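Presented sequentially are two complexes of chain A, the first with chain B as partner and the second with chain C.
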Partner chain A sequence: MFGYTFQWNQALARLPKMLDGAVVTMEVAVLSMLIGILCAILLTLLRLSGSRSLRAVATGWVEVARNTPALFQIYMAHFGIASFGIHLSPFVSLLIGITFNNAGYLAENFRGALKAIPDTQIRAGRSLGMSQTQAFRYIIVPQMLRISFLPMTNQMVWAVLMTSLGVTVGLNSDLYGVTQDLNALTFRTFELFAIAAVIFYIITKIITLSARLIAARLFRY
Partner chain B sequence: MFDTALSSADLIFLAKGAGMTIVVTAISVAIGTVLGIVFGVIRVQLGTVYAAPLTFFLDIFRSVPLLIQLVLANAFMGMVLRLQFSGLTVACMVLSLYTAAYCAEIVRGGIDAVPTTTRRAARSLGMTWGQDMRHIVLPLATRVALPSWIGLALGVMKDSALVYVVQVTELLKSTQILITRLQEPMFLLLICGVFYFVISFPLARFGGYLEKRWSND
Partner chain C sequence: MTKITIIAALIAATGFAGAAKADKLDDIISSGTLRCAVVLDFPPMGMRDANNEPIGFDVDYCKDLAKVLGVEAEIVETPFPERIPALMSGRVDVGVASTSDTLERAKTVGFSIPYFAFEMVVTANDKSGITSFESMKGHTVGAVAGTFEGIALEKQVKAWGEGEYRPYQTQADVFLALSQGQLDATVSTSTVAMASVNSGKFDGISVVGKAPFDTDYVALFASRNEYGLINYLNLFVNQQIRSGRYAELYKKWVGGTLPSLTVPNAYR
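The block that comes next holds the complex of A and B.
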C-alpha cells in the first residue's frame, strides 16, 4: 500500500548501540540538572543580594537563558567560546549549554517558590540565633526545593529532550547522535528514529513516574 | 570586533532567515492554538477515562524531542507516503501539533480553573452548554490561560530554531551558514541572539505582567 517496506529487524539489531546512547543522554541530563540546581540556587542568592551589579549579572543570565533558543545557547557554548581560543569537546559544550538553560529556568522557579515562603520564617530563624547563611541554608532552601519539585521534574524532562541538540555541535555518542550515525550507515531513517522516539518517550515516563513516587515519599506530611 | 566582513547582502540574508522564523512561528501557533482549544475542550468534556487515547497521543509530542519529531515526520512523508511536501509544510505540521499538545494542556487548566458551581449556576439559569462556554468559561478561563499561552507562543518561536533539520533556513540556520563563510561566530551569534531576545523579552514581560495583574481577584 505504501510502496515502502519497513525493515524493523535492521533497526532493532542496532538497539544495544542506541541504548548505550541513551545512557550518555541520561548522563548529560542528570549532570546538567545537578549543576543547574546549584547554579540556580546561586543565582537566586545573587538576585537577593544588595549589590546592584551582582543582581544585574544574575538577572541577565536568567533572562538570556529564558528568552533565547536552547540551540542558540549550545552554539554559543561551542562556536562562541571557540572564538576566544577555547575549544571544548562537544560533550562539554552541550553540558554547558543545557546547564546554562536549566539554571535560568530553575532560578525563575525558585524565585516564585521563594515568594511563597513567609518572611517571618527567616526572622524567626534569625531571632533563634541563626546567622543569615544558616537561615537560608536550613529554612529557605529545603522549602524552596520542595515547592519547586514539580517544575524541577518538568525541567529534567526538558533537559533530556534538549540533549538531542548535541548533534548540532558534533556529539555522536548520545541517543540522537548514535541514531543519526546509524542512519548514515543503513538509511532506515524512519525505523531508527521511531525507535529513538520510543526510547525517549520511555525515559521521560520513567522520570515523571519516579518523580511522583519520590514526591509521595518525601512530602508525606 | 567591529571590524567585520559582514556585507549588506548578508544582512538581507539574515533578515530573510528572521522572516522565516516568524512565518513558521505564526502559522504553527495559529493552527496549533485552534487545534489545542479543540483538543482541550474535548479532553475536559470526555473526562479522564474516555479522553485517555487523546491524552496519550498529545503526550507523545511533549515527551519526544522536537528534532526527532521533525525527522520522523519528514521521513514518513517523504519515504513512506512518497508525498512531495516542502520542508516548510512538514515543519509547520509538526510544530502545529507540538503547539496543540501544549495548548490543550493550557486550555484544560484554564477550564478547570472555572469553579464548577459557577458553571452549574449558569446552566441552571437556563444557559445552553454553548452559552455557558462562551459567556462564563471563556472570559474566566482566558485570565488563567492567556499568560501561559504567551509563554507557549514564545517557546514555539524559540523551538522553531530546530526546523533547520527539514531544510528550512530560519534565523539560526542562516546565521550558521554565514558563520561558516565569514568565520566570525561570536559577532554573528550575538546578532542572532539579540533578535530572539528583542522579540521574546518584552512579550515574556507582558505575559508576566498579565499573570500578576489577573491572579489576585
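The block that comes next holds the complex of A and C.
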C-alpha cells in the first residue's frame, strides 16, 4: 500500500516535545472553558433580559458562534481584529476564538437546561422571601449547571480538539502545532500524526472519565 | 501434470515476474499520466493565473518532465505541509514543489539533484524600523511553517534570545500579517518577496536586505526506494541545465542572475 517504511523510533524520540505541546493544548482548552462558561451565563442572562438590544447582542453572538466554522472564528480573532489595528498573539487569538465558540454553544445548552426547570420554582423562592436575583442564583443556576454538566464536558472535548486550529493563526506551541513543525523537519508525517492522535484521544478520554466521576460525586440526590 | 497446466503455470510465473519488476517509472509511463505535487501558494514557482489555472516555474518544470516521459502532466495542488502525505498515500508520483533537500528529510523521501536554488531576503513592515537582518533582533518575525527559511529563522530567534517567531500556514498569511503589522519582518525567498511586494496586495512592506542563511537548494522528490525514478529525475535535471531550458524558465519566471546549482569543491 505505502511505498514507505514506518520508523517509530524517529517519531517517538520527539515525544517529550509533543507532550509539552499537549500541556499548552490543555491550557487553552481549560481557560477557554472557564471563560466560556462565564460568558455563556452572561449571554443566558442577556437573553432573558427585558432589553431588546441586549437580547439581540446575545442572540447574534450565539447565532454566529454556532453557525459558522470554528476555523473562521479563530481566523477572525487574529487577522480580522488586526485589520482594526489590534494585534493579539497567536495564543490569545486562539483562546478568544475558542472561547467565543464555547460561549455560544454553552449558552444554548443553558437555555435548554433552563427550559427544563419549571418557572414555578422562581415563584416558590420569591414566596419564601428571596429576591429575584437570589432565587435565580440559589435555585435556578445550580440546577441549570447540573442539567447541562454532561453537555459541558462534550464542549470541553470539542475545545481540546479545536486547539488544533491554532496553526492557522501562527501558533506552534500546542500539540498540533508542535506536530506540524516536527513533520516539516523530518517528513515523518504518519508516525507523528498517529502519535498526536493517540495523545488527543487520551486527553479527551481523561476529560470524559473524570467528568463522569465528578458528576457522580457532585450530583448525588 | 498435463502440458497445458505446465504452460499455464509458466505464463502465470512470467506474468508475476513482470509485475514485480515494474517500478514507479514503468507505472508512470504505462498510466500515461505524471502526477506532480506542486505548491500553488508560492509565486513565482507555483501560483494560479486569472483563469485559476496553475502556472509558474514548478508547473512548467513538471510539464517538461511529463513531455520527455511522453505522458500527460497532472498538477496536484499540495500546500507545503501536505507534500509528503500526498506522495506517501500515492496521490502523486513526483514532487516538483521547491522542497529543500535536508538530510533529515532525506531519511524519509528520495531527493534528486538540486533543480533550483533560493537566496533569502528580509522583508519588513515600513513602520517597524527594521533595515537589515541584524536589526530584526527583538522583533516579532515570522515565516511559512516548515520551510527552509522558517526553520532557520526560528533557530536564529532562539539564538538571539529575544523577540518572537511565528509560523503561518501559507505565504499569503505571512504577508497579510506583515502588512497588518502583526509581524515586523519576515524572511522568505527573494523570488517570493519580490512577487509579493510587487503584487500590490500588501501595503507598507518592502525588501530591506539579504538574510545570511545558506543557499536553499531545492530538489525534486519521489519515494525513497524508487531508484529507477530518482535516477531518471537526476538525468532530467541535468539535461534541463545542459539544454538551456533551466536558464529559459528562470528568465521567464524570475529574471536576473541564474543561480548556480552546484556546490563549489564538491562532487554531485
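Definition applied: the second predicted complex is superposed on the first by the 218 of 221 C-alpha atoms of A that agree within 3 Å, B and C clash if a C-alpha of one lies under 4 Å from a C-alpha of the other, contacts with A are read in each partner's own complex, and residues count from 1 in each chain.
By definition in this document, contacts are C-beta pairs under 8 Å (C-beta built on N, C-alpha and C of every residue); 3 or more make two chains touch, one makes a residue touch a chain.
The shown structure was predicted, so the numbers you read here are calculated from the model rather than taken from an experiment.
Participant: With both complexes overlaid on chain A, does A:69 touch chain B (first), chain C (second), both or neither?
Facilitator: A:69: touches chain B, not chain C.
Participant: Check the residue A:10 against both partner chains and state whether it touches chain B (first), chain C (second), both, or neither.
Facilitator: The second partner, chain C, only.
Participant: For A:59, using the defined touch cut-off, is the partner it touches chain B, chain C, both, or neither? Pick first, second, both or neither.
Facilitator: neither
Participant: I'd like to know which partner A:173 touches here: chain B for first, chain C for second, both or neither.
Facilitator: neither
Participant: Looking at chain A, does chain B or chain C touch a larger number of its residues?
Facilitator: Larger number of chain A residues touched: B.
Participant: Output check: A:189 vs chain B and chain C. Expected answer is one of first, second, both, neither. What do you get?
Facilitator: After superposing on A, A:189 lies in contact with both chain B and chain C.
Participant: Could you look at A:200 and tell me whether it touches chain B, chain C, both or neither (first, second, both, neither)?
Facilitator: The first partner, chain B, only.
Participant: Quick one: is A:79 in contact with chain B, with chain C, with both, or with neither? Answer first, second, both or neither.
Facilitator: Both partners, chain B and chain C.
Participant: Check whether A:181 is in contact with chain B, with chain C, with both or with neither, and answer first, second, both or neither.
Facilitator: So A:181 only meets chain C here.
Participant: Identify the partner contact of A:90: answer first if only chain B is touched, second if only chain C is, both if each is, neither if none is.
Facilitator: second
Participant: Can you list the residues of chain A that touch chain B in one structure and chain C in the other?
Facilitator: Residues 2-4, 79, 82-83, 167, 189-190 of chain A touch both chain B and chain C.
Participant: Under the stated contact criterion, what part of chain B meets chain A in this complex?
Facilitator: Its residues touching chain A are 60, 63-69, 71-72, 75-76, 79-82, 154, 158-159, 161-162, 172, 176, 179, 184-186, 189, 192-193, 196-197, 200-201, 204.
Participant: Over in the complex, which chain A residues touch chain C? Could you list them?
Facilitator: Result: residues 2-4, 7, 10, 78-79, 82-83, 85, 87, 89-90, 167-170, 172, 177, 180-181, 183-190 of chain A touch chain C.
Participant: Per the contact definition, I'd like the list of chain C residues that touch chain A in the complex.
Facilitator: 24, 80-81, 84-85, 88-90, 102, 104-105, 107-109, 142, 145-147, 150-151, 164, 166-169, 173, 176-177, 180-182, 223-226
Participant: Please name which positions on chain A make contact with chain B in the complex.
Facilitator: For chain A paired with chain B, touching residues are 2-4, 63-64, 66-72, 75-76, 79-80, 82-84, 157, 161-165, 167, 176, 179, 189-190, 193-194, 196-197, 200-201, 204-205.
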